[in-house]
Structures are given as structure tokens and as C-alpha cells.
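As written, the chain order gives the labels A, B, C and D, with residue 1 at the start of each chain.
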Amino acid sequence: MPDDVDLSVEVAGLRLKNPVLPASGTFGYGHEPGALFDVSRLGAVVVKGTTLRPRAGNPPPRIVETTAGMLNSIGLENPGVDAVVAEHLPLLARLGVPVIVNVAGDTVDEYVEVVRRLDRAAGLIPAGLGLELNISCPNVEAGGLEFGRDPALAARLLGMVRAVTGLPLIVKLSPHSPDVVAMGRAVQDAGADAISLVNTMVGMAIDIWRRRPVLGGITGGLSGPAIKPMAVAMVYELAQHVDVPLIGMGGIATWQDAVEFILAGASAVAVGSALFANPLAPLEIIDGLVDYCGAQKVSSVRELIGAALPRRGS
Amino acid sequence: MASLETGVVVAQETIIPGHFVLTLAAPGISRTGRPGQFVMIDVGAINKLPHPLADPFWRRAFGLYRVDPEAGRVDILYRAGGKGSRLLALAAPGDKLSVLGPLGNGFPLEEAEAPVALVGGGTGVPPLVFAGRVFASRGIPAKAYIGGRSANQLFGLDDFAACGVPVQVSTDDGSAGVRGVVTDILRPDLEALEVRTVFACGPTPMLRAVQGLVSQFKLPAYLSVEAYMACGRGLCLGCAVRLAGDGEPRYANACTDGPVFRSEEVVL
Amino acid sequence: MPDDVDLSVEVAGLRLKNPVLPASGTFGYGHEPGALFDVSRLGAVVVKGTTLRPRAGNPPPRIVETTAGMLNSIGLENPGVDAVVAEHLPLLARLGVPVIVNVAGDTVDEYVEVVRRLDRAAGLIPAGLGLELNISCPNVEAGGLEFGRDPALAARLLGMVRAVTGLPLIVKLSPHSPDVVAMGRAVQDAGADAISLVNTMVGMAIDIWRRRPVLGGITGGLSGPAIKPMAVAMVYELAQHVDVPLIGMGGIATWQDAVEFILAGASAVAVGSALFANPLAPLEIIDGLVDYCGAQKVSSVRELIGAALPRRGS
Amino acid sequence: MASLETGVVVAQETIIPGHFVLTLAAPGISRTGRPGQFVMIDVGAINKLPHPLADPFWRRAFGLYRVDPEAGRVDILYRAGGKGSRLLALAAPGDKLSVLGPLGNGFPLEEAEAPVALVGGGTGVPPLVFAGRVFASRGIPAKAYIGGRSANQLFGLDDFAACGVPVQVSTDDGSAGVRGVVTDILRPDLEALEVRTVFACGPTPMLRAVQGLVSQFKLPAYLSVEAYMACGRGLCLGCAVRLAGDGEPRYANACTDGPVFRSEEVVL
């Protein structure tokens, strides 16, 4: 029976053969040998944060292990959008799976320009190119505020981006949105095709012997199993109030974790930091989902999306 | 190329208090591993617990200490200091561990002009032992300079002796060898022009001292640096090491571009 | 040398012989035999959330283990302020340490009335009675908003409470304050003598076999080592912007954790969920602090408070 | 009174696949522990790792299976199913564990009118074995009714036999004893008035079935209930069990007010 299980889902117009993705920034560009498995088995590949110009990133230490998680302040090290298009997309195309490029910027103009250039490159990826807007970066224009905390700013950004592309647009929310529902509705209304959540949470570690923050960037983003209960709660909350599909992430390490997100309302899930200890986690999750669907006697994983949500009023 | 291998514990022995030699059956890594390369062990998944433990969260990195391609075995030598390494110390013969490796670029044995100085201390010693053994087997002159806090903190000295690599020792308290730091025993040999290449592995302050010394003597030197590592495979960009040079800072990955760098290439 | 180390601190006018407290709700009323050690060794005892009337609490399951932490939705089960005063304070008095009563309520009036009754009972605790206002409970008056998310509401509450008591007033912040600095300044200006942080973060767990939330209360509060990096970051941030002493908590399990909070700016620390696995954690932390002060060559732990903070401009 | 004790592992043996008997030297608990009481073991701190592991985060609860006050030993019998219990299964003789106990109120052996039915299944069996052994030693008639999924999932039957407590078995698949559930084998003896008191320990659905049966026969019954437990000491109020009664719900703590409750007292 498990062989008959249909794991395919559609998210933001992308057809994914299964709902398991790597999380942006934890999987390089997906075509490196470091992946250690046949990447074409994934639902899609998500590449790391791409900015208009190359960025060198933050001073080390950039990462530190925490209890059941880690902090990172990579600082968006990346070769810039033109290099991503020229060097990485052609190699990614060979994998035959949809590609989602994570987009970051300091200003609305920067986002728009990165998106414009990616939009022009869409033909490189026949299996489908999607964009994931990372809106939890400091917004210089708005005086240090963050897009990810202010629904109106986020909606404005989205409108501008939507105007220059017809590609699938996924908006990645910060877990620090004071009101995730307001934020989700704002980006949905402004044209987002899907919402991914959560990004990392602000945290820090202190080196008690040197009496100073461990990270070169002082604070960093917390990820890993530590944050899973908060991420599940946010997905569960948002799923009750928006109609676009959700991509759930935050601490997923096992298929059981992935199922929690799916039952909470996620149409797809992404595995991030857990890849570091267990590079094969995505494959184990795919296998686990097949078995779970079998045990639950459903023929498609789609029947399980949101199955733990309270019945929704019409 | 790095791969994932299930290593089966063959033996685990204490060498000095708190320090263990772990012998794993890991044929793949035993065949391809070179001195200066390392492995990362998933200490949170001994015997693949059903749900891997998330604390410790990352794999732990250990340099290759001995490889035996015939027997398909790999040894690492480690200090059980923190929670991950102490958990590893619980592993018993027959237990299974997920081992990722061999990782990194290792020491450039072929390019090194002899005589080679192997300089290090503490848990930096195992890769130097591996290098020394290879040099000895090839008849290439090498000498080890090992620094430590005191006599009872030293290990690996017998290994050098056993393969015919002479070893000189310094300790902070003078309880073994020369009282002082490792550069104190290295300097006279550099002055006497008895060293053409330096390989170093040890704590960062020691590496910095070696960096200073070799630049003074304009000697080629290769340093194996330490950094926090999450993936070990060039994917997370977490293990950045600052590259030397003016202007905008530039970084390399300790895991894939290193852990061994040319001394003048990096800022420690 | 370690014998000479002075661990005493003053927080909100309470003199604590050391900076180590239990966190509210994790230590009962402090005089139960379940504590398993001589409670008078603690800097103070913090008792659980006390409301005006007795509360039965939430339906089970009320707790669930998560990775490196736990969720709770106890629902403020407590016998009500009059029983706390009549039954527990006299037993607590015998311990000879300061007592901090955690106060909760649905309305401003309820908080004020609980505080008034505790104020009248202050004489029972010669070593000093303090109040910790838990302001992350739903506020019925303000239409479901939370005091803990709105600085103006919190300030108003504090003003009303301040008017009826001269006892040391500690305000306990929610980690969900959208702006912890604004919140901290608001309660400081409204008369708080100290600020404690953090309370638990909203999270949830889903039972994948029954396809529904595990907890009777659906969501719960996440605590434990999982949240430590976020808690340290909030203390570090707030310490740079307020003058009242801070009590740091969130995931403290070892003396090293406690030191991180102290270096980040906490004058005292509280140990919560970690007490469950390791009841002796507070004593180990006290011993560890003594040794650490010795190793750092400081004669008083007070010299370490905020030692990892950036130098403050005048 | 509960206390914290450092238990030293004396032996750890597999009884059926995935099920272990752990023997600990724990003199304090061995002297005071009674049937139905339990201990909580800090599985994240085997040998007190320097920084206890936070995953698993809570202690794990296990009923007392055997105590030997003379030898100062305590046995528990457990299923290594999840991550905490599997970690415990790694503990080897000589390892140290932090054991909290004895906890809870246990079965009211003294008040129970004989003959007593000991009803349970799975990991609910160990406390019933302990109770059976005490009854047998006092010459009090008792009989065990043990349900399981199939023959190869049963354990503890020999223990009853060894102390002279007759045991009857049911399995879901009929591979041992009667095909059916445990209440199917209990019912005839209740009907025959061969039981005066019921002690039950097992999964909640089983306890519910027992509850239904004994209320029908108006027999006094004591159920050992399961609940998630964080502190085990009445401090966190997390292990709430709903008490029977109309109006505002009322709760008791499974850890200190239980785990054994009178059947009519609780809503499962």
C-alpha cells in the first residue's frame, strides 16, 4: 500500500512531487557534492539568500551551537544575483526539480531589482522557478524598521515586487511579527502566492570566559528543534486565517516533526539546521511520510494538510 | 570525496585521564583519509536512537589519528571535555555511529620541502602523528615539537617515537621537556636552518605564535585552524576564516577550503 | 579564596544573600518537602501565580515535553490569595528568606485587589516580601489584548498597583512584547522596582496519531534550555536601556547559564523547568558562581552584572 | 519520603526484544519502596555529564518492579521505546544514574480485601508483579490477569508463577491464552465472586475498561494511572487528573495524589 501514496502537492503554482524542501541557507545551492544524496528526490531545492551585489558576510564566529539548536549570523554571504543566475541556475536546472531562490535586500529597490533579474532567468529552470522573499532583514529606507514586523511595509514591498514578476512568490515571515495573522493577510492581499514560516528568532550566546558575545555579529538567528513548538503554533494560527498555502519550517528533524507541521496546516515543509547533523533527514522524512499516510489510510498527503486544525467556520 | 559511513565501534580506550582513542570499522574513510583531514561524528545518534538527540545538536569534528586501510579501521584521539565528546565516550564496542568524512583538504604532504617541523599541542597532536607516520614511511625527515601544560597532559609522544620521528617537548610548568611554549623549542631549529616547512595544529593562540615565528623566518607553513562547524561540507558558511588582505574583509570556509591553510593566507 | 566571594545582591529593595531564585510556578510554595534541599539556601523563594479567587486550572494534558524544553498550560491553578496568605506565607516565613509572590489576574481590579491583600500580609515575612506582576495574561478589560504586549496598558496597570502598595514591585515581561525596550521603559517609569524576564513563549505540540493538539489548552508556554538564547538576548537588550535591576530567566540549567544572564545584565536569575530534572540545580549554580567569581578574580558577583554589555554612553 | 539517590547500575538485561530489566544499587529506595510507587530517572545525565543533556529534558517514570532491601537493590522493567528510555538502555554496569524516589502513594495493600485481582498489561505489569510478590509472601490470595497484543509481547508471567500467584492471559490475536482483552478474562471471575478487590495498571483504554467493569460489579478497585510528569513531586501541577464530580472541574496530581486512585474517584 505505501507505494500508492501520493505525496505531491502544489504550492504557489509550483508542482512538487513531495512536500519536503531544504530550508534556505542550509543547503548551499543544492548542486554541491556536500548534499550527499540525490537532490532530485526533493520536492524542490531552495537556495540561499540572494542579494543584488555580492556580500562577504559577517565576521566570525558566525555560528554557535545552542541547546537543541544553533545561532547564526552569516550576514547573507552570497555572490550576488548575477552570479547565482550565471553559475548556479544552470547546474540546478540539471536536477529537474523546481528551484526556489531566496531573495534578500536592504531596500525595496534592491528586492525589486533582484526579482527582475531572476524573472528574466526563469526560462533556465523548466521544472519551475519560484521566489522566496525573505522579509526579515533590516530596512534601511524605513529607518531600521523591518519589513517583517510591519504589515503595511511588507504589503508595499510585495506590491512593487509583484509588479515586475509573474513567478510564484513566497513570502517568508519572521517569527517576530507582533501579529502573524495581520502580517499573513497583508502579504496575501498584496499578491503573495504562498507564505513560508518561520525564519530564525533573535538570540545570543555569551562567552563566559571572555565575557563578551560569542558571535561576531553579537546576536544571531536561532534555529533548530528548540524553536519547533513556536513554529508549529504560528503555522497553526496562520493556517486558520489565510487561504494561500503555507510552507512550514523551524526545527524539523524527523518525519514526525514534518507531520506536525502538515497537520497544523503546512502544504510543504522545509528542513534546515537538522541537515547538518543528519544530511539524509529529507529522505528519511519522505519515507516516513509515505508510511504515515499508509498507517492513516490516506492515499494523498494532501488529505492531511491542516487535519489538526479546528473545523473552520464558513 | 566526503561520504556518510556507519562506523562500528571496535574499541574505545582511555590513554590519559579524559582522553580516549576510538577505533571504528569504517572502510571507506580508512581508504581515502589523509593527514589533516577530519571526520564529523553524530554524537547525538549513537545506535541511531529513534529520534536523534538534539542536544548535542551538531556533529563533533575530530582529526584522523590513524587509518588502517587493510583492516578498514580508523582511529581518532579525543578529549572528552564537553557534553558531545562525553556522550561519545559512552559508546562501547558494537555500537554504531554515523561518521561523515573524510573532510577538508589535509596537509600538503607532497609539496612540503623536508625537513618538516610538526608543531602542535593538545588535541592538535593526532593529525601531526598521522603526518609523521606517513613521512617516516616515505623516509622524509620530520621532527615533532609538542607543547603542553604539564607532563601529565601530554600524549602522542610514543607514537612519534615508534615511527622514528624525533620529538621535542615544552611544558608551561617545566614538568617535561623545556619550560616554556612550543615556539621556544621550535625557534632554535629555525635559526639553525634545520626546518624547511612547518605543519602546525593546536589551539589558536599557539597557531598565532607559530604564524609570527614563521613569518619572521620566511618559512612556508601550513596551519590547521579550528572553527565552529555545523555542516562540515561548505553549505552553511558558518565556519568562516578571515583571509589576509586589505579592503573589504574576505572569508574562506574552514571545512572545505581548510582546515589547513597557508600561514600567510589567514588572519587568526 | 572562593570562601570570600560575596554573592549578595539587592533587587527591588530586597536583600538576597545570593542571586539564585526558583522561577514562579516551578517550585510550588517553596516549603513543600518536594524541594529536596534546604530552601533557605536560596536568595529568595518565588511562589506561583496567585489570583484573587481559587482557580482549578486547565484540563489535562497540561504539560508535554518538547525538545530541550516543555510546554505548559497549567491555567494558573492556585488556591487564591487568601489561602496563600493564610496557609503558605506563615510556613514560608520560617525559612528566613525573602519571599516573592507572583501575581496574576484578568483585570486591573483583580491585580489591585490581590496586591492589596498581599500588602496587608507583608508583616508575616520579616526577611522581605516582594511582588512579581505576571503581565502576560489575557486582559479581559482591554478586549483580549495583553498587558504584556502593550506598554501603555502595562503602565496603567502598574500605576494602579503602585498606588496600593509600597512593597518591592517586580514586573515580569512576556517575551512576546513587540518592543521589549519600550515595555521596559514604560514599566520602569510607572514605578516598577525591578523587571523579570522572560516568561514562557507561545508554542504547541501536535499528537500525530490522534491528529490534534496534545495540550488540553491547545497552545502552551514554552520553557527550558530551548528558549535560553532568546532570553539572554532580551536581557542583554533591555539592560542597555533601563536602570532598574533585572531578574533573568529562561532555560537556566547550569551555573554557566546563570553566568550568561548575569554578564548580559541580570542582577539575579531564576531557575524554572530545569528544576524538574535536576532539583539540586540551584545549589549547583550557587557553588558554580562562587568558583567562577574566584576564577574571574572578583570579590563580589555584583562586579559581573552586565560585564558583557557594550560600554554604556553617559 | 522521596529523595534523590545516586543509583549505580549493577546489571541491565534484555528480557524480550526492546524490554530491559535494570538493576540499580539504590539502598534508600530499596528500603522504603512499595508496590505501585515509582522512581524518576534522569536519563539525560548518565554519569552526570558535565552539562546534563537537555534532550531528553524530563526524567522518565518507572514503577518499582523488585526491591531487595538486604542487597540495597532496586529493579525496574521498562520498554525502550522513545529516546529517553533508549538512552537509558545504553547505561552499563558501573554507570551512575540520578534516581528520584520512591514517589507516589502505591497500592493500598493493607486495606485490600482478598482475593485480589492484579489486572494489567504491557509496562503496567512490573508494579503488579511487585504487589503479587508481597501478597504471596503474606499468604494473601491474589491472581493476575494479564493482557497483551500477542504471545511474544508478554513478560512478567514467570514472576507471578515463581511466587505462586496464578496468572491468566489474554491476547488480541489469540497467540497466548484467551483471544480478547483482559476484561474478557477478568469478567468470569467477577461473576463467580472470586475477586474482592481489583488492582490495575496498564494503558488508559485498558483502565477505562476495568473502570466500567468494576463499577458494574460494585467492586473496590484501584487504578494506577499514567500522565505526563515533569517534576514528580507535586510542584508543577502538570500531571493533573480530572476528579469525578459535577460542577467546576477539579483535579488531583497523578504524582503525589496518585498514581494509584480509587476507580470511582477519577475520570480517565
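Definition applied: a contact is a pair of C-beta atoms (placed from the backbone, for glycine too) under 8 Å apart; a residue touches a chain by one contact, two chains touch by 3 or more.
Here the structure is a predicted model, which means the values were calculated and not measured.
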Exercise. Determine the set of chains touching subunit B that also touch subunit C.
Key: A, D
Quiz item: How many angstrom between the C-alpha centroids of subunit B and subunit A?
Solution: 36
Practice problem: Quick one: report the Å distance separating subunit B from subunit D, using the average Cα coordinate of each chain. | Solution: 50
Quiz item: Out of subunit B, which residues touch more than one other chain, so two or more?
Solution: 44, 51, 54-56
Practice problem: At least two other chains touched by the same residue of subunit C: list those residues. | Solution: 66-69, 225-226, 256
Quiz item: With chains as vertices joined when they touch, what's the shape: line, ring, star, complete or other?
Solution: complete
Quiz item: In the complex of these two chains, what residues of subunit D are touching subunit A?
Solution: 54-55
Quiz item: Any idea which subunit C residues touch subunit B in the complex?
Solution: 67-68, 225
Quiz item: Across the complex, what residues on subunit D touch subunit C?
Solution: 1-4, 42, 44-45, 51-52, 54-59, 98, 100, 227-228, 230-242, 248-251, 256
Self-check item: Partner subunit A, residues of subunit C touching it in the complex
Solution: 66-69, 71, 149, 176, 178, 201-206, 208, 211-213, 219-220, 222, 225-230, 232-233, 236, 251, 256, 259-260, 263-264, 292, 296, 304, 307-308
Quiz item: Which bits of subunit B are touching subunit D when the two form their complex?
Solution: 44, 46-47, 49-51, 53-56, 81-83, 86-87, 90, 92
